[in-house]
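Letters are used for the chains, namely A, B, C, D, E and F, taken in the order the chains are written, and counting of residues starts over at 1 for each.
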């Protein structure tokens, strides 16, 4: 098991040097959940049909959040993301929603953080849109589902 | 139970008008967890003693993340945050870390989103710093613990 | 007619000192148009019914754009916007859409630039979403409709 | 005529996947106008000679605005812009100024939005610098003039 | 002499709580120098007369840099700056330029960091504009000149 | 000696066109100092042992500052930085600290500005963390130490 590469010999954080890594196609898929009251879920679902679409706003927030990753996560490299997809589904075992984000890039380092940041931003946006009716909502199981590309090999949960 | 106030009559998202709300002291405390392998936790804990301090970096990321909230969460109002505190502790029932963030502001709207965004950013930063050794880490139970101030009243989980 | 206050005596740009101005309720309403092919307008309108809602995305972009105004327009003061409303309508005299944005703030300086920046961002977003089918779209008549509050008095086009 | 590619099958906005597009030299040129009172135009022109140069500030704002495009326009890809040129001229058929921006990049997707965002930011900055003397100024004819590079072919208005 | 207030009892960095501080008028003035070859200084001075005005660009960068302070300096509070002035002069004892920035704000915390960040950004911009002809330029004596307002009292170098 | 390339023929600032430059490995190393009272230096050094680590925060600020360079310095190109290293040492001839930053990138333009911006941000952060005990601190000798890569050749102070 390798060391934490984000520190130099003096123990200072650094942005790891990836200059000599190969440019390969990197894909990462992450997911996360938000648990809520049944009433809140109905608000979201009815809104889509009638008035305001919470998930349309969370979708935009996720995509813009992915692009802000190197601004938010100190040691992340700036990357030229080439594609971002967001999808929402109803949870089956709990009352709430699941968000899945897939991020793609041809570059020298992976896009796991971009996918996870997008998921987290989407869930926080749903919380924000609905907190007037349900402050007890909880974000859960934000995790990497899958990654391909890069020297460290593929990962699948 | 009130409606989702973040939409206007045409169903378009809006930043809710808070012009006529009173300026009061707003405090919000949020928390969240990251679950990891025992080995990863040891890396973090040893690093603090020996080389690099993962949590020092996560602490900075949390504070800067709180300040970026209106940039990330579409309908959030810009706010002049007056204080942010971050603390970390070891989980007892699972292997991992808990982060708690408290945000304070005198203003017209609450700081729940700032506290939740800070928690989420701290946890994502820990993930980033340790993902070379443990890609399976999972963020859990990101939630509002407590809020005071404002017309909607206090909240305590 | 007063001088251009954004310059000092040496001719250097400056952020005008508003420290001694009164805090009043400031409202600005701006509007703008995007002209397009009939086919493009149909794409947008059908999308809303069937698949993707271009205007939901433009709405979010407008609100986030308003918040970025002091980052974009060099001499603009940072402001704590208290409300933003966006609405879209079909043009009657040309083929296209009109966007109207109203911004509210209690502060020492007006929110004209925030309203105009939001309008412009919404229109650019519509252009971006539809440029695959119509690169000839044109933004027109981006203008201040109305402003109230502040020493310089009200304005109504 | 192709569909609006910025939506997935579920109707959610996405950042279109350009991973497999070729890297080519992309150039886009956009323009726009601001119409104003004769007096205002004189202020700008005299300022350049005597005191403060409105257009020097608008020029900087345009260049910085172009770089912010993926932060402002939700579905835009981050790009490594390789050159930006801004020029100003007096309008002949109306009282006002025209701004033209040319943006260059070697990449997988075009730079139309960067050129249009730069034009719009320059015009908004002129408005901001002069609004103390002329709130009725109007932005007009913001449009793509020309683009080269990329699979969709060249465009010339 | 007080302790470093930016740390909590556990040694974690925090944004100091200023909620209970009084709102007073805060002014800070900072300055800094850039030393350069005689030839470089002539380029800057001739440019102003003939072609391009380096200092007009550095002036805009300084003002926009001041507004970005809480984004750059981790523990800085977001503030609603009410005025920023930038001035440039030729150094007398060395070959180069001096920049002075004055920042004003009515708020709960001082604006020293905003003034210093603006000075530093102006000097870095001059370096950038001239580095094609003089890579050896050096930034010197970036310091607080004066501050007024706030409980900690006035400061004058 | 070449002209200032950051201006076009009309004297307007521009982002220089680097489209046709070769992609090479670019490295820049910059340094700078902060001078302070003996007491302040002791606070920093004791903090590292006991409570709060000022330099851990300055390290993060430097890395995030480097990534913000094109947002701060108007004519800088956006770049995909591939590595950033920060180190701190005690000054020998004066009381204070020295920061050195090395930045690496494979690209079409150098990373001098990124290294200098990181140094300046680290020093400003140290100032901010310690200003409660020492407002007279001074930033000095911020300069490029070395650069390699690119057509203009290597530089070593």
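Keep this in mind: a contact is a pair of C-beta atoms (placed from the backbone, for glycine too) under 8 Å apart; a residue touches a chain by one contact, two chains touch by 3 or more.
Keep in mind that this is a model prediction, so the values were computed, not measured.
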item	value
Far-end chain from subunit A, centres as C-alpha averages	E
A-C or C-E - the one linked by more C-beta pairs in contact	C-E
Length of the line joining the C-alpha centres of subunit D and subunit F, rounded to whole Å	31
Centre-to-centre distance between subunit E and subunit D (centres being mean Cα positions), rounded to whole Å	30
Intercentroid distance (Cα basis), subunit F paired with subunit C, Å	36
Touching two or more other chains - residues of subunit D	8, 10, 12-13, 53, 56-57, 60-61, 64, 68, 71, 74-75, 78-80
Of subunit B, residues touching subunit C in the complex	8, 10, 12-19, 70-71, 74-75, 77-80, 107-108
Touch list for subunit B against partner subunit F, complex	53, 56-57, 60-61, 64
Residue ranges of subunit C in contact with subunit D within the complex	1-9, 11-13, 32, 39, 43, 47, 50-54, 56-57, 60-61, 64-65, 68, 71-76, 112-113, 116-117, 120-121, 123-125, 127-133, 135-144, 147, 152, 155, 157
List of subunit A residues in touch with subunit D within their complex	25, 55-56, 59-60, 63-64, 66-68, 78-88, 104-106
